[in-house]
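Shared between the two complexes below is chain A, which pairs with chain B and chain C, respectively.
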Partner chain A sequence: MTLHIVSKSPYGCNALTECLATFAEGDVLLLIEDGVYALTDHKWEAAPAGSVYCLRADAEARGIAIPEKVEGIDDTRWVELCTRHNPIVSWYK
Partner chain B sequence: MKFALAVHSAPHTSQSAASALRFARALLAQGHELYRVFFYCDGVHNGSVLAAPPQDEADLVGEWQALQQAHGLDLVVCIAAAQRRGVLSESEAGRLEKSAANLAPGFELAGLGQLADAIANADRLVTFGG
Partner chain C sequence: MEGKSTLALCRQPPYGNALAREGLEAVLAAAAMDLVPDLLFLSDGVFQLLDNQSPAEIHQKSLQRNLQALPMFGIEQIFVCGRSLIERGISADQITIPGVEVRQVQDTGKLIAAYDTVLSF
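Moving on to the complex of A and B:
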């Protein structure tokens, strides 16, 4: 059950698309940094319901509203997510 | 739980290096162990003591040093990546006949074996890149 961390905007690279192509049952997606720009598009909706998280501070810093189906989390919850999932795969290219 | 972090990005290039520091602080605050932080590729610039950001910007090098002092962290800079980018310890500067050294106190130079060791011994590896 992998935790996928996407940190780049889907408008600038294919990180999110490639990540979603590898998504397996039980995996979750965390959007951080410019990765939160994905919330202004619909690609993330390909992930199963309840499996998408974003760093609330990074979304707020960019003025991006967090959709109802996405859980905005703080750094403490980020660490908790990492303890519950293994491996942790970072997508940034 | 034991965490290891791999930092591939330089300060000020993107948010990534700052995210790594933020994550390190959060996991330590929750009582987890930070087994090692391995600075690789452009991440070696996190270990340059010569970085002098403006006062109203984050000083990532200084903040890593403070965290290292507070928690006795193992901050390892990849020696091969560092040589290419001009991040040298006193001994490396001497060996390579360079006129100055800039590896920040609290950081040490070592090989990729230290990353492999961290992956083998930590419960989780989190990579910060781009």
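Moving on to the complex of A and C:
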């Protein structure tokens, strides 16, 4: 069960699209940094319900609202996700 | 430089990299030297204008203070790409710079073509 971490805006970069194309059952998606701009669009809804997380501080920094179906998390919970998933894939380009 | 018109393109989102901030700083520096550019926010650059930004927790300074300085430096022609806003689900009331009117443009190509010099950040 892979943890996918996307850190780029979906408008300027294919990272999220490519990530979602590889999504397998049990995988989860974490949006960080400019990746949180994906929440202004609907692409992330291609991931199964309950499997999408975002760093709350990164969303709040950018003035982006976190939808109900996305769990806003802090760094501690991020570390916890890292310990529960293997491998971890960073989509940073 | 008298009479030469300059447009700065602001294309980057505010906190993921330094270009948004550095672009605005270059624009303010140019304005302080009496070269007052116009600005066009487009692509992910429109995210610079979103209200409710609070970047303290990611240890960054809000970009909104730089934006608020624009009119103080005489920069008052500020445009935003209407199509970029629609693509990102941003409505006109979510983007404001106190003291300036941000004007939406639909034909960015035509706007850009009217300038002598264009800077891209």
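Heads up, the rule we're going with is that the second predicted complex is superposed on the first by the 93 of 93 C-alpha atoms of A that agree within 3 Å, B and C clash if a C-alpha of one lies under 4 Å from a C-alpha of the other, contacts with A are read in each partner's own complex, and residues count from 1 in each chain.
Going forward, a contact is a pair of C-beta atoms (placed from the backbone, for glycine too) under 8 Å apart; a residue touches a chain by one contact, two chains touch by 3 or more.
This structure is a prediction, so every number in the text was calculated from the model and none was measured.
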Exercise for the section: Pick one for A:45: touches chain B only (first), chain C only (second), both, or neither. Expected result: neither
Practice task
Go through the superposed model and pick first if A:63 touches only chain B, second if only chain C, both, or neither.
Solution key: second
Handout entry: Partner chain in contact with A:8 - chain B first, chain C second, else both or neither
Key = both
Practice task
Tell me which partner A:93 touches in the superposition: chain B (first), chain C (second), both or neither.
Solution key: first
Exercise for the section: Have a look at where A:71 lands relative to chain B and chain C in the superposition and call it first, second, both or neither. Expected result: neither
Practice task
Look at A:34 in the shared chain and tell me whether it touches chain B only, chain C only, both, or neither; answer first, second, both or neither.
Solution key: both
Fill in the blank from the handout: Where chain B and chain C land on the same part of chain A: residues 7-8, 33-34, 58
Practice task
Going by the contact rule at the top, pick out the chain A residues touching chain B in the complex.
Solution key: 5, 7-8, 32-34, 58, 75-76, 78-80, 82-83, 86-88, 90, 92-93
Fill in the blank from the handout: Residue set of chain A touching chain C in the complex reads 7-9, 11-12, 33-34, 37, 40-41, 57-58, 60-64
Problem - Complex contact set, residues of chain C against chain A - result: 13-16, 43-44, 47, 50-58, 60, 87-90, 94
Exercise for the section: Note which residues of chain B are touching chain A in the complex, please. Expected result: 1, 3, 14-16, 19, 22-23, 25-27, 29-30, 32, 123-130
